[in-house]
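Handing you this structure, nothing more for now.
Chains here go by letter, A, B, C and D, matching the order in which they are written, and residues are numbered from 1 within each.
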Amino acid sequence: MGGLFGVVTRDDCSQDLFFGTDYHSHLGTKRGGLAVKGSEGLKKFIHNIENALFKSKFEDDLSKLHGGMGIGVISDFDDQPLIIASHLGTYAIATVGKINNLEELASRASRKGVHFSEMSRGGVNPTELVATLINEGSTFTEGIQNAQQKIDGSCTLLLLTEDGLYAARDRLGRTPLVLGEKAGSRAATLETCAFPNLEYDTTQYLGPGEIVRVTEDGVEQKKSPEARMQICAFLWVYYGYPATSYEGINVEAVRNRCGAALARNDDAKIDIVAGIPDSGTGHAIGYATEARVPYRRPFVKYTPTWSRSFMPQDQSIRDLIAKMKLIPVRELVEGQRMLFAEDSIVRGTQLKDTIQRLFEAGAKEVHMRPACPPLLYSCKFLNFSQSRSELDLAARKAIHEIEGKADDFPVAYTNPDSEKHATMVERIRQRLKLTSLKYQRLPDLVMAIGLPKERLCTYCWDGTE
Amino acid sequence: MGGLFGVVTRDDCSQDLFFGTDYHSHLGTKRGGLAVKGSEGLKKFIHNIENALFKSKFEDDLSKLHGGMGIGVISDFDDQPLIIASHLGTYAIATVGKINNLEELASRASRKGVHFSEMSRGGVNPTELVATLINEGSTFTEGIQNAQQKIDGSCTLLLLTEDGLYAARDRLGRTPLVLGEKAGSRAATLETCAFPNLEYDTTQYLGPGEIVRVTEDGVEQKKSPEARMQICAFLWVYYGYPATSYEGINVEAVRNRCGAALARNDDAKIDIVAGIPDSGTGHAIGYATEARVPYRRPFVKYTPTWSRSFMPQDQSIRDLIAKMKLIPVRELVEGQRMLFAEDSIVRGTQLKDTIQRLFEAGAKEVHMRPACPPLLYSCKFLNFSQSRSELDLAARKAIHEIEGKADDFPVAYTNPDSEKHATMVERIRQRLKLTSLKYQRLPDLVMAIGLPKERLCTYCWDGTE
Amino acid sequence: MGGLFGVVTRDDCSQDLFFGTDYHSHLGTKRGGLAVKGSEGLKKFIHNIENALFKSKFEDDLSKLHGGMGIGVISDFDDQPLIIASHLGTYAIATVGKINNLEELASRASRKGVHFSEMSRGGVNPTELVATLINEGSTFTEGIQNAQQKIDGSCTLLLLTEDGLYAARDRLGRTPLVLGEKAGSRAATLETCAFPNLEYDTTQYLGPGEIVRVTEDGVEQKKSPEARMQICAFLWVYYGYPATSYEGINVEAVRNRCGAALARNDDAKIDIVAGIPDSGTGHAIGYATEARVPYRRPFVKYTPTWSRSFMPQDQSIRDLIAKMKLIPVRELVEGQRMLFAEDSIVRGTQLKDTIQRLFEAGAKEVHMRPACPPLLYSCKFLNFSQSRSELDLAARKAIHEIEGKADDFPVAYTNPDSEKHATMVERIRQRLKLTSLKYQRLPDLVMAIGLPKERLCTYCWDGTE
Amino acid sequence: MGGLFGVVTRDDCSQDLFFGTDYHSHLGTKRGGLAVKGSEGLKKFIHNIENALFKSKFEDDLSKLHGGMGIGVISDFDDQPLIIASHLGTYAIATVGKINNLEELASRASRKGVHFSEMSRGGVNPTELVATLINEGSTFTEGIQNAQQKIDGSCTLLLLTEDGLYAARDRLGRTPLVLGEKAGSRAATLETCAFPNLEYDTTQYLGPGEIVRVTEDGVEQKKSPEARMQICAFLWVYYGYPATSYEGINVEAVRNRCGAALARNDDAKIDIVAGIPDSGTGHAIGYATEARVPYRRPFVKYTPTWSRSFMPQDQSIRDLIAKMKLIPVRELVEGQRMLFAEDSIVRGTQLKDTIQRLFEAGAKEVHMRPACPPLLYSCKFLNFSQSRSELDLAARKAIHEIEGKADDFPVAYTNPDSEKHATMVERIRQRLKLTSLKYQRLPDLVMAIGLPKERLCTYCWDGTE
């Protein structure tokens, strides 16, 4: 997916920029980038963070990062931020989103004489493409609106310009963008978990398509928000950091409510509740509290040394790693009837191994309770993961087996009260060798979040666009 | 403190050695080291891990690490392992412990014509000193026993020799050493959390002073264990990883029992129970379950990018970091009566800030329940932390204020039922600005561990040697 | 200045590209870059070579460099090569030259909607600007011609395209470009010293403005050469490597002839002839042979460890370095009447110190014989050195002192037979504290090179454009 | 071989130490090391210099190197300097030499209880062994003498102690050690080329076995020189830097005289004289001057980027490199009768290729004149090169072919007037495909150096010990 952070300050933005960007590290694994505007103009620093922590890679740059304004980005794909010289002036740009019509837009621009030089593996760098769309405007605001209109997918962005920091949220608000303030400084962030320790107070959740210009003097609205919103519900379920809030709604609290909802609909006889760290923890705690069953940690994550994306070259070691991060605690597993609350089941491959390891360690029963309905559609709006093919989804595989075809399926599968749904869930349960499997119902998930369903994107579960 | 891991295998020990040693990363912050014995003899690799993860530093060495036997070490101080050529042959050595009479032993050796070349900042490298004591024997076993007898403090060690891997636990078993086995391989580890994912089964917890020689063919006992044991009780309370067991007793289970014991002696009216991650979590879960109060996570640790020991050079940033790892979740804090289970209170400095931040985030009450009694004595037997001065301990400071002197105090302070104890705790409570503060009683802690008190070292709490 | 090398081969171009580019290291000190076209498309690698050797920086890339075609560049300024996507396709580009109207061309392009993202310290990257001029054409050939016409200054370039390697020499041939061939491979080079060890035979010296397309199948002329040529005469005097030939004329041979010409016009009574290594060596050898005076090495360059551009941060050390590369050999200096042939005198600052050191080491007399006339004008056509200000030139300083003004001077100074010239030379001699100073005459230099004067650029000496 | 440099100064020795040691880079290719004694005691820095320049590796250490005294070493083998704690105190040690009885001395020490921890690939680190011999004395002087007596081979060394810098030359003076002085500082060096640019004046050439203690206050002789000297004559012929002097005799001057001696005994009809850079240059210049034949550079060394010991992993590239450093200048070769003065012919393998390339480039005749007699014995006293086997020597191969056996040969081969000698030289000439080959006579070489033959080691030519 990716993360964004921007600062405008009277003094020096480097520390806030460094830490504020770092607080988005859970959202991307490929590239980190920072750009600042100081007395010598714009400077940028981009590093590969696939095998190293953001902080260790950028520590050396910290002393060269001085300036009053800056933007930072964590990216799953291409180099960012870019520094662009154009008729609008020289500016830095960072984006989060997905551009489905990238090639079409790029060739349209090429025909007009525009070139692209920030080439990425797959061709044109999406952020450079966004810049060309912005450059088609006679002002930044006009240009950003042009980009919002032309892009099929989503795009939230930050620009560092001579006139201040431009922050623009995706047209349908699929990803969030939030403003904060402290004495002498203003910031824009995707994840609000970046704010408390940098002492920013949240001042405004930007609305869908809203564009603002942030300067030392204040925040100027350049375009008011659109009425329609389609914020991704999966942010609360899985992607967001527990300390973050979107639309004013905290992630950990939603997860606790998700777990509680699962418990209210459940009658499993169990000894302990657990989550697979880290993403299942909030859901599991909510379940345990509601069900009045002990919450336990039969799997411990070894955090001291696992960088998110450590990737040794040797394949045999990579296979080993798949299981190395979680250590089972045999003493807490043996003879237990265990219920695991999980955020979701994607392909289920690793989960299957994990369940197997629990039985090997002596578990008596293993019940699984995903905090959201079965995933049936791949996301078209955000770059959640490049490799996740729709047909690999556990639910789609089950349907494939039942129906004998993969690419189309009766809508009944999305109805939790239908026979078809029950058959599908039973197949998944059997494949994962679970004692029982019960998914969250969509209305319960929507209620746990607390926004009207029509303001949430629930496409991955029910196909509603 | 430090950690040790050793492997003997028919094939190639490199992967097990790499991961097994890495699983001790929570025990040391300065140096990591590996030695292997392959067809080209002994090779060693030592890296500074102060600003980088063990794995990222050693990844490049992995391809050069081949050999059937190896030892690894995580160290808080000096370079290790060392390769030593002597009349016993050429061997590699790694140690964990504390040598109080280091200088005396070193000058005794120098007078005999022995030199030291593995100089560390403070002079002689303790591990090289242990090697000279071993070299005084006519066999490894004799030499190790000589070291065990001469060292004032503690010493657990691994040797990689022509004749196999020697594993020797400290004379009084202050630190553990455990053997494990899988098809074709045997291993020795300080933390058993290194075993499950490498598929070793624990076969033997070495006794105090026990020495074994491990080869492909089996384990040969070279010296039987001593009767007396003084294993450090603080390993269960704080140092050990939750998935580890010492003397067959799991750390997380002990912590859950510690929390339960705290709850049984408590009558605080509270809304939620929480732990300060990571060390308070196990205790807090135990408390919440026993007290039937919801367990919540009002502080979230930002794990994706914090290497344990990231140390920027700029002091202003270092101050910033002190608070950056934990993110408060205002939504879960506001208006709550919160009880925090903590492992222990050492100086209380950071804790005071943390409590302050909770009140700033809107907490109504903050109750603190340390899982062990007040720390009154600095450890003499293990290198827990170089900088921890006895007089800086929160309890000693309180006594200093009450009694007007720092270096001596009435024994009554160790008695939880005494007036003096109550006065001391109240002073600490006031300094930390807590709603209430109640420490674990030592008998409850001992019972949570489950070993007879006389087999545990409880020196830091009651001064008993 | 900078260097260029390109290869087209049936197999893999990586080795030839690596070494061929490296053989241009004497022409640039800031950046090295390589681009290859392989099965995965275009890839580029750019490194800062200010504090490290080209080879050590690029060694690790060698294994990722595979492809049939490649271009390499040594640059004094910006990052190169660039990979550009445009309506002409995606191509890599590298350039050598100087664009005096860079800003004007860039703002013209910006107004048309083109953006620049390969920003360098001073703004637009000149190579990206050249690419925008090429993109204005409907074919590469048309585009290159457009660039040649629009650029005020000079530009020689290589393009790596889907259709092969385009090689285009500057419109007036200010810098050379030469084609070579061996079985299965063709190459383009700026310095022919790159050819013999890679076993290429020189097949064609491209003419001014000539454009060719090189493929596996052969060389196709896309534009025939222009009549007028203005190749830089200073290439033979100083910049070129001794093993290189331009227009078929070898550099070392020209230098030997320069020295011989100096000797024929000289009657100094001397004991030995020497050159200040490395640039004076060829001239000195020529002088010694002609004058039948022993050639000696009273200064030895310490080559084992001096990277061309080693730049420690500490200023006091940098001052030290200025003198460290050359070691005087007192035994060869003491009591000697020495004549030094030098390529040229630019500012004379270091030379003054060098002469001083010779007298300190016991030299009886020091005579200096520059191989070219006094430098009176800064180059407008090539980026010889960013910091060389015209008014800092030793000759201009002397004129400034004589005439009392710096920016204008009587043309007589360029006439070696004039009184003014003699006065100027005498002032320089006095400032440098030389026993005698005598410059080469321009006709002698032109004759040593062997081309008609009108085909050479001699602007820096006589101001002729 | 290796190099040594030491400084004692009132201020800070770091710069002099850094550059002084670097000026020995031509003498070793494996390790560089520095040790300083500052306010925090002894510190050392050791780096692998196989693929990088000394300066680039040590630049970062420069800021941590502060102290009044320091020693530096360039080593062909093991890590140096070592820091040793012993009954004599803690000191740093660096050595140059060869210990033929290393194993015997090491096992003798082991039996006494001494251990070795600075293990190198082949076992005990020779410098640690020397330290144990020094530690056997009750004072440093006594200990050094003990080492000088016990070592079979040679050993020149520097010690950095509490009492100042100890400098001790090999018992027979096989390698030199020279003292220098400037205001406030004293230095010891192996190569005097390190002195002029650091502004030291040579004050004393230490005699064989001489030991001095250098402090801020002066130089104290601890042991007077021995009468017998056996300084290596090959230092002047090949190893030494041209700007260096041994026993007061300059290397370049010796080489010029060697070349002149060759010319006086020669009647070859030639057009030009040349040397294969860099080692043949001094000899060639001497020949050309004496013979009044033009000196030319038909081979140019590409110095800008060749680090002495660049070693790519790919074997095919390594083969390529063998020929890449020297670029032939066809224009200077074609049709010429060329005479090459060379320092010596060792195996002749590369030389054969070089000659072949000259003929391919059009040479009419190639005559070779080595500046010393045929090498017939491998050095037993210095580590000139690990891989040079006696039987690989070009002269021994020729004898092997003539006599049919390799390990023994008639002494007549060392007599340049014998038939056998002539046959041997003719065979070598044929193998190398030379037009003519004529070696220097030993008396001429001795006269060029200027010391009595009995004070020179000429073992490699005539077997005299």
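In the analysis below, a residue touches a chain if its C-beta (ideal position, glycine included) is under 8 Å from a C-beta of that chain, and two chains touch if they have at least 3 such contacts.
Fair warning: this is a prediction, and the values are worked out from it, not measured in the lab.
Among the remaining chains, none touches chain B as well as chain D. For B-D, the equivalent interface within A-B, C-D or A-C is the one where over half of the contact pairs agree by residue number, namely A-C. Centroids built from CA atoms put chain D at 36 Å from chain C. Taking the mean of the C-alpha atoms as each chain's centre, chain B and chain C sit 63 Å apart. Per-chain Cα centroids separate chain A from chain C by 52 Å.
Interchain contacts close the chains into one ring where each touches exactly two others, per the touch definition above. Those residues of chain C that touch chain D in the shared complex are 15, 19, 22-23, 25-26, 51-56, 59, 62-63, 193, 196-197, 241-243, 245, 250, 252-253, 256, 278, 281-282, 285, 288-289, 292, 294-297, 300, 302-308, 310, 312, 314, 316-317, 320, 323-324, 326-332, 361. Listed in rising order, the residues of chain A touching chain C in the complex are 42, 82-87, 90, 106, 110-119, 123-124, 128, 131-132, 135-136.
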